[in-house]
Each structure stands twice: as structure tokens, then as C-alpha cells.
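All remarks here apply to the structure that follows.
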Amino acid sequence: MVRRIRRTPWEKLSLTNNCTLGPLNKPVATIKPDETIEVETWGCYKSPRNRTKNDCEGTTVRSSRAVKETLRKNVLSFENPITGPIYVEGAKPGDSLKVEIIDVKLPNVGWTSARATFGELAGWLPLPQPPTKFSRINDGRITFALNDGRMIEIPAEPFIGTIGVSPAFEAISTTTPGRHGGNMDVSDVCVSNTLYLPVATDGALLGLGDVHAVQGDGEICGTAVEIPARVKLKVGLEKNKELDWPRIESKSEIMTVCTSKPLEDATRLAFLELIKWLEKDYDFERYDAYMLLSLAARARIAQIVDPLFTVVAKLPKKILPKRRA
Amino acid sequence: MVRRIRRTPWEKLSLTNNCTLGPLNKPVATIKPDETIEVETWGCYKSPRNRTKNDCEGTTVRSSRAVKETLRKNVLSFENPITGPIYVEGAKPGDSLKVEIIDVKLPNVGWTSARATFGELAGWLPLPQPPTKFSRINDGRITFALNDGRMIEIPAEPFIGTIGVSPAFEAISTTTPGRHGGNMDVSDVCVSNTLYLPVATDGALLGLGDVHAVQGDGEICGTAVEIPARVKLKVGLEKNKELDWPRIESKSEIMTVCTSKPLEDATRLAFLELIKWLEKDYDFERYDAYMLLSLAARARIAQIVDPLFTVVAKLPKKILPKRRA
Amino acid sequence: MVRRIRRTPWEKLSLTNNCTLGPLNKPVATIKPDETIEVETWGCYKSPRNRTKNDCEGTTVRSSRAVKETLRKNVLSFENPITGPIYVEGAKPGDSLKVEIIDVKLPNVGWTSARATFGELAGWLPLPQPPTKFSRINDGRITFALNDGRMIEIPAEPFIGTIGVSPAFEAISTTTPGRHGGNMDVSDVCVSNTLYLPVATDGALLGLGDVHAVQGDGEICGTAVEIPARVKLKVGLEKNKELDWPRIESKSEIMTVCTSKPLEDATRLAFLELIKWLEKDYDFERYDAYMLLSLAARARIAQIVDPLFTVVAKLPKKILPKRRA
Amino acid sequence: MVRRIRRTPWEKLSLTNNCTLGPLNKPVATIKPDETIEVETWGCYKSPRNRTKNDCEGTTVRSSRAVKETLRKNVLSFENPITGPIYVEGAKPGDSLKVEIIDVKLPNVGWTSARATFGELAGWLPLPQPPTKFSRINDGRITFALNDGRMIEIPAEPFIGTIGVSPAFEAISTTTPGRHGGNMDVSDVCVSNTLYLPVATDGALLGLGDVHAVQGDGEICGTAVEIPARVKLKVGLEKNKELDWPRIESKSEIMTVCTSKPLEDATRLAFLELIKWLEKDYDFERYDAYMLLSLAARARIAQIVDPLFTVVAKLPKKILPKRRA
């Protein structure tokens, strides 16, 4: 029996509690370590045109007057609401959360929006103001319609765009990624992978949202295929396993996720974390680790449109020696 | 019968002619469009310890006194000598070179070097001065030896690290990448792929060198598995096909290669070039192209250790509509 | 009769209330618009060696065991405590605070510290770990002692390093500058100048600290002459004067203060704010404003050592036309 | 009797010889060390509208058909022609040029131009395409006319925007600044100051142009008050005084000038050069130098519109101890 954690209704969303990750935020649920939960997530709200399309099943719900009024006043502030915070019993600063992503249920429609004055290429090419586009999602495929009627089919590769814990004493907007996770927009936070997050406050205070049905590296127009979703997670706790930044493991790779500006600083930090990982878990000397990365690492630009930029650095497990128990 | 273009002997290397790409440089050979050539390349010389290891067959040659004297005075300047320039008959500004990479012959040893004060992580982590490491290359596999004796096996994925044409009127160091190509360190410049370079001066003045047996994204310690090599190329000419930046095609992807600082500018330029490509060859409207990239593009960090940084942006051919004839 | 607002005693400092600026923080005082107050400020605590030197009069106080214990556990977190937040009656989002700086009382000693792994030049030059240096402050002059015994005299130019209001819904560390002010380290926030801050939450929630007796542009070793102080301010309220970023006025200049990364983005934002100021208050057309800046503006690098970087852009009043009433 | 070095006539300008600084360029004059010369300089040509206004006395000259044809084909390439290269007898790599700026004669009109797609704020604010503006220069004052007829008076502060020597083996566009000088756009290269340039090739190969009648920090719209001019210089030679970057001395300050991207790297380099200067000429220990900068240095943004960005770091001489003989 999997417990479901519902979205806070739109009318009750709070700017502080749902749009930041912070130590003073009030938990909406408490879970035990290794509990499996299903979390309903809000889609990202960067486009006001999408206000009514945010049902988890993909059907259209009608906005109440209250919702519309709230949006009119706050649409920018509520752009990336999370479900949470979720209090994890026993989690303390110095521990790590181990989040196994078991399943992501998609609606049958997602949206993509760009703005002439937002996104990576604002100011780099003349752009008329475009409409929001809605893409059908069906049977694992996304259909993106060109303006001239041609259809582009893209395989769905859903992942959790925003997932994080509370920082130690700041309260950081859910639009911003960082050491605590947050709006990382990393497509490797997907089904069958495991995300590790550094706990900085009692209970960890996990929150998530902003699932994407698919996303290109960089997320360059500022949005992907934005969707509400239902996400099934198993949330474990690794006591006294201190991390400086989020990490991911897939069957075939170890990955570090770092966020900074400019982009090369995010890249350097991600490689640095890989070096620390090789030193600690694989008994590498530092320079061996450094050189091996220069020969075999992969570095992917996750996003360059959020307030800080995110890079994922990866090593294939098949070339690594045996791991320390 | 394939013509072979030999390396300028070490004693005769010229700082201006072999260590820049520029319009005043003197061609070492003239070829016809669509001619297939085999080019002997120098390995990169960032490490003075490797002075004698630069034989194309991988055997060790002994340095003459003259070589040693030259190196003593100029080792930093000669760090990335190219073979060339090669004059391509009929090439004019506004044309593009189409370079098909047919084969890369490797020696049986390559080297990797890092310096405490060079490379991406200089200043980010305490590093003792390391030795240069030599890795065996055998049967498509590279053996990288850890200090404690463990061996890491990495599949060889050789590519041309430095390849470019002359700029219009500048003479740019072969250590620096740019619109003209140069030291891009892009692992997609490999066998069976085709590289397009924008011609900026009569004859194009192609030069190449710095082959890597394998390289991780970012080339973060400043070197990969550095080797001299023999490279077989077919050099075609596309008249009146003006390009702003180098492009690459593989069987499955279209790719743009851009260079700038900071790294996000290189990324933006690479995406911008993909948009222009979609507009011109696939009849996309601009916003459709922009959004599609945000859904399906891949962006890889080629290197962040040269004087300017290089990013490759890619789209899979299988999701693209039919190309304009 | 000027009201004095005392520092929260060291033992009672709170990581959330004294080390962030945020909307959930609890005011320590409420003032009326146009009230003049005298605020006791903590010095910055980047150096643990300075733990006992933080008395406003410059005498040395002995640390209690409790203080030492707190520091042992939290020294990094408490590195920049503020006095506040101060609730300004009637302040609402959309208003601006007008902070006139009337007087800054200095102690007779300040400290400067650098770390081999902190500050602008970490990783750019080999540095041994240095001691903290204490400089005497006397009669408006600072005496900085070289290791070989020579004395350098520098005129004191004291200013408030950290001053800001609460963001709308985030709680931002007092070590970080931004739109809300914070750790800007701008030497123009000095006696006889007026600082304008954009109000984002009811009561504004003003906080300040981190006075410097003098500072070089860039604050490149990570600290200036760090001091506790007593600051006399008149805090006014400008209703419905919406600002995007802090501004400063002196007798001779108008100034904008912006914070971002990389540094050129901070610079661009500061110029952009000057353009908006010329458009609104001096009836400039946009391009006239843009060109005039290119002819007559000054741009100073305030600091490049905090989590984001700060630039001040300035125009001399004497070349400007008459201001709109 | 001062020798005058004339501009190469427009019809005879060469893209390689007049628009790069490089070791293969042909000298237009040879001078002896400590010779005083008067150099006629071209104005910058970023605006094609200004094609006919480039007479040193400020009168309008009529373009010949040849000039127009040349411009039609090459206007972008010829945007910043220099007068030179000037061969300095006896100059060798490892020496420094000491350039004393004695006088700058201005014409009576200068121009300023911005483009919606060029300059620091391109893409940051919506801009219509503006006209080029011509400002009168008279009796040390510049009159900048607003669109509504108001006149802004700015004191003239003329300086040499582009001045440099040949790099060791590259040929760098005269639009790009660097270690060799070039398009630094530093307003401290003005009358009564002395500029030091590191010699990298025999004869130094000095070139200059792009004088500005006045310029704001950052040169943010991409141009200043652009003028042709006559510049009187005394060119000295300091044997075996190796510099890494240009330096400037005024009566009251020592200054370093560094160029890089992003802007914080230029800033770091400029401070680093000041530290090296304090170590070498004032017997400072490194950490004393580092800390003193953090207390007393000034950092000014020279320009952020050229291909690389330039920063000047300064220390007041009056606080410095006695200099080593």
C-alpha cells in the first residue's frame, strides 16, 4: 500500500511554503525511511496561458475566480510550486537522502513556451513573441507540431525537474538550483535511477515538482514539455554519509550534479565531485582520478536558463575498478 | 594512390608557419578538391618530458642536439604544431571545406600530463606535481595504469584535436580554437564523420595535428591520450556555401561546433547555429526550431582548458523531417 | 533623542534570524518613517582568530565558554551577522526605503584576513597561509603594518558593507548580495550619502552590519578592515516608488548598484538601471541615455569575493540636465 | 624637430598590415629609442556613416570612388586601422617599450554610434536602430546633443584607444586587446601618463589609432567620441625589463592593464600584476601586497564591448613606501 501525497490545492499555495525550500517551512507529510510514496506534482507555471491545464490526469480543469485572481497578482512568483515539504523521520544534517525513482505517470498533454525576452537565446536572435505549444503525449511518444503542420515525434524521457531538500538556514526559491537540489532540470533524475541529496536540516524537508516529459540539454527556450505528474519514489536515509552536492547512480554510470555561474564553474565543481567520489569509494589517488576524467568522463549541460546553471559529470561503471564495500 | 603529406621535421618547424593558422603562411602542399590525402601529424607538446616520443609509428626516436636546443628555448611556443598549411585549389572566401575523415592510424603508446597550475581544476583542489603517464594503445584499447598498479581499460575513440583553416586576416595560434576551427578538441571529428569548415582566404590553407586516442568531455586535466598519428582525409569543396562556424555530420546526427568564453556563450552560439541550420535546410520557422532544441537537442562540453572553450550541439537525424534537396 | 538598536548578544544569535534576510524573520525593533536611529553592528566573522575583538568601542572583550562553544560549531555559518530585522511602519511592497547615513563611529582597531583558499586570487598565485592582521584606527587614519615593520597609512573611508531588506519570499544569507541589498560591500554606502532599497515585504525588515573602515575595489583578499561599529541612520519611506535594484545618491553623483555573475552581467544591469533612471527622472530618450553612458559614466567593481559580484555605475550630476520635479 | 608619421592613405590600407599587430607585418617607419614622434591616427570605423569624416583637422574630405568601393566590400574588416607598425631600433623580446604621451591634438568633431545588435546592452533592452551622432569638440569641451535639443557638455579627456606591439608569433586583429596592448580602450593612456608595453618581437612593431575624445567606463554602447587625431609620443626602450602585461604610470598612481573573459578574470589578472609590481619594486611580501590591495586598490572597468574585456587596477603612490632604485 503506497501512500499518496497530494498537491496543495492551487488556492492554498503559499509563496513561502510552496515556492521555497527552507528550514522554517511547514511539512505537509511525515514519512519513515525506506517508505515508498506517490507524489502528485504541479507543472511549472512559466506560461500564464497554461493556467488551467495542470491536472495530473491531463484533463482540463476550470479555474475558479479565486485562482484567476491569485494568478493575476502572483503569476510570476508561483511559477514553480512544489509538493512538500516532506519530513523524513530521523534525517539529520550530515546524512544523505537516497531517492529511488520507481515510476512517473504522465498526463496526455504537455506544454512548451518561449519568450522573446527569456531563455538562453534572448538577445542573440530576433524573435517574435510565440504562442505556447501543446504537445500530445501518447504511448511513450511526444508529438510536437510545427507551425506548417508537420509533426515531429520524440520519444518521451520523463524526469523530475525540481527536487530538493531544505538548505541549512536559507530559504531558496524553487526556481533556483543549488547544493540542496532544487530546480536542477537534470534528465537523469528519471525512472530506475537513484538520486542522493545532502541533508542540511532535521527531517530533510523534501519537496518536488516540475516534471518534464522530455527535455533537450540546456533547456534552451526556457521550458521543456512541462507537465503535472504522479511520481512514485522510495525515500531511503543514509546516516552519516555527508555529501557536498547531489549525486545520481544509474545501472551503468556514476554522476555528480553541480550548479553555479558561469557554466564552467558548474562544470569544474561536477568534475571535482567525481574526483572526490573516486578517492573515497574507489581508492584512487587524486591525480589518477583527475587524469582518468580527462580520458573518460562525460559532461552534459543540464540547463542554462535558471538563475544558476547545472552540469552533470559522468563516468561509466564498466571502466571502474571494484568499489570499496 | 593516396598522397602522403609529411610532418615538417622538428628542426624545421617555424613558430609562425606551424604554430598559427594565418593568411601569410606558406603552403606545404597543394591539393585538388575531392583528393584523398594521408597526413602525418605531430602530437601535442604540452609536456616537455615527452619530447622524444613523437614518432608516428610509436617507436621512440632520439632527440638531436638541435632539437633539444630548440626545445629548451621554445618549448611552450611549439606546444601544438600542425602539418600544413595545405592549399586547396579553387577554394575562396564564402566556400566551405568538406573534410571526410576516413581513417586514423594510431601509434602503440600515448601520453597524458597534468600540471598543478594548468588545467580546469588548477586552484580548485590541492595537487602535487604529477609525472607524465604513458598508456599503451593496443587493438583498439587503451591501458591507463593507476599509481597502485591497477589497470584501467578504455576503448580507443581517436579523433583530430586540431584542424582548421586560415582566418581572413588574423594569424591565430594553433592552441586556440575559433570560427576557423583550430584546437577544438571535439571527439566527433572522428573516423566516418564529416567536418565542414568555413573558407576565409584563397586556398583555405588547411592544417591539422594533435590527434587524441581518446578524450573525456572537457579534457579537464589539460591533455587527453596525446599521440602523433597518420590521418586519411578526403577534402571536398562546397562552392558558395557560407558557414559562420564549423559543422559536423555523422550517420545519425547533425552537429554545430562553437567556441567562446564564458562557456555559456559557446553553448548559445552552438544552439544558434543549429537554429540557422534547421531554418535553411529543413524549412523550420525560427520558433519551431528554438522550441525543438529545448526538447530534443544534446549539448556536450568538448573542452574547457584551451584559451577559449568549445561546445558541440547536436540533433538526432531520426526525429528531423526530410531535408531540402 | 536618537533611539539605539543594540546588537543581539552573541549567545543569542540565530542562524535564521541574524544570518538571513527573509520575510519570516522576527523584527527586533519597529520604527516610524523618518526616524533617526543608531544601530550597533557586528563585525564580519570570516576569521575565527578575531572572535574576541568585536566590541563596538574597540576594547577587547573576553569570550565566554558559551560563545566559544557556539563558534566552534558554527563559525562559518555566523560569519556575517546583522542587527535587525527592523520593521518600518507603513512600508509595503512597491515602496522604497530611503536610508540617509549620518554617522559611522569606528573602534580603534580593525582586522584583515586572507586565506590561501579564499578570496579572488585563490588558485591564481601560490600563497602560504597568512595570519590575521590587526590595524590601528586613529584620527581618521588606518595603520597597516607590513611584515618587515614598515607602516602603511591609509585614510579611513568607513561604510556599511551589509545592508538590506527582506526579499519577497526567499530568505537569503547575509553573506550574499542581491536586489534586496545585503552583502554588497559598496564603499559609497558611506556618511552623507543616501541609499535607496526596494521594499518587497510588509515593514521592509531592514538589517545591517559588516562595517568596513576602508576597502579597496574588489575586496580581493576577501576582507577589508573589518570592524564592529555604531551607525547613525535616518530611515525614510518613499511610497509607491518601485525600484528594481538599490540606488545611491551623493552630492555629486547618481549611482546604481547591481549584483550578478559573471561580473559583466552585474555591470550591464547597473548601466541598464542608470538608463532607466535617466528615462524616468531626466526625460531622456533611451538611445540618448545609452550613448551618454558610453561617454561619461563611471563603473567601479565593488567586490568579487562574495557569492555574487557587485558593480556600481555612476554619472556626475554636473553634466545632467535639470531633474523632473 | 619632431618626425611625423602619416597615416597610410585609405586606398592603400591593408587588412593584414593595418588591421592586425603581427610579426610578419611590414614597418612603415623606423625610430631610435627616446625619439619623439608625432603620429597621425585613423578614427575607428564601426559606423559606415562616418566614412568621410576622418580628417585629422576635422574637416570633411570627399571619398574617392576607390575608397567607396573598398568600404563597400570591407567596411567591417577595416573597422579599426592603425598607423604602423613602427620599428624601434634595438628592441628585443624581453625588453619593454616606455611610451610617454606628450600631446593629443583633436579635430573639432567626433562621432558616436550604437547598434541595436552591438554593444554591451544588446539583448538586454529593446532598442530601435539609432542614428550616428556627431558631437562638437571645442576648447576642451564636447557638446553632445540630445534628440529633444538639449545640449550636454562633457569635458574632453582624450586618450589613445588602440596602441600595441606585435605578439610573438600570432597576428591579432586591431579590434582585440591583449597582453600586447591593442584595442584596450583605457582612458588612462592619456597625455602626461606613461604606458609600458612588453616587447615580443624584434623592433617591437608599435602601432596606434582609435583615439577617443572622451569615454565612459565600459564604453557600453560600443563607441565613445571617435576621432582621428595627431598624437605626440616619446618612445623609450627599457632593456631586459620583462613584463607580462601593459602597465601605466601617472603622477599619482601605478596601474596595471589586463584583458580577458569573463570580466572577473581580467580583474584578477590586473590585481595579480599589481602584486608582482609591489613584490619586485617595493619589496613587499606577497601577502602584504595582497592585503594592501584589498584595502586600498581601485579597479576600473575600461571596456566590455571588444572581443575581450579590459580592467585597470590602480594604487595611489602616496600610500606606498619608497621604491627600490
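Just so it is clear, A, B, C and D label the chains in written order, and each chain counts residues from 1 on its own.
By our rule, contacts are C-beta pairs under 8 Å (C-beta built on N, C-alpha and C of every residue); 3 or more make two chains touch, one makes a residue touch a chain.
These figures come from a predicted structure and were not determined experimentally.
> Which chains does chain A share as contact partners with chain D?
Common neighbours, chain A/chain D: B, C.
> Quick one: point me to the chain whose Cα centre is farthest from that of chain D.
A
> So how far apart, in whole Å, are chain B and chain D when each is placed at the average of its C-alpha atoms?
Chain B and chain D have C-alpha centres separated by 34 Å.
> How far is the middle of chain B from the middle of chain C, if each middle is the mean of its Cα atoms, in Å?
Distance between chain centres: 48 Å.
> What is the distance, in whole Å, between the centres of chain A and chain B, each centre taken as the mean of its C-alpha atoms?
Chain A and chain B have C-alpha centres separated by 35 Å.
> Residues of chain D touching 2+ other chains?
Only 124, 262 qualify.
> Quick one: which bits of chain B touch chain A in the complex? Just the residue numbers, please.
Where chain B meets chain A, its residues are 112, 114, 119-121, 124-125, 127-128, 130, 133, 142, 144, 146-148, 150, 152-154, 214-225, 262-264, 267-269, 271-272, 275, 283-288, 290-301, 304, 309, 311, 313, 319-321.
> Please name which positions on chain A make contact with chain C in the complex.
Within the complex, chain A contacts chain C at residues 15-16, 19-20, 22-24, 77, 168-173, 261-262.
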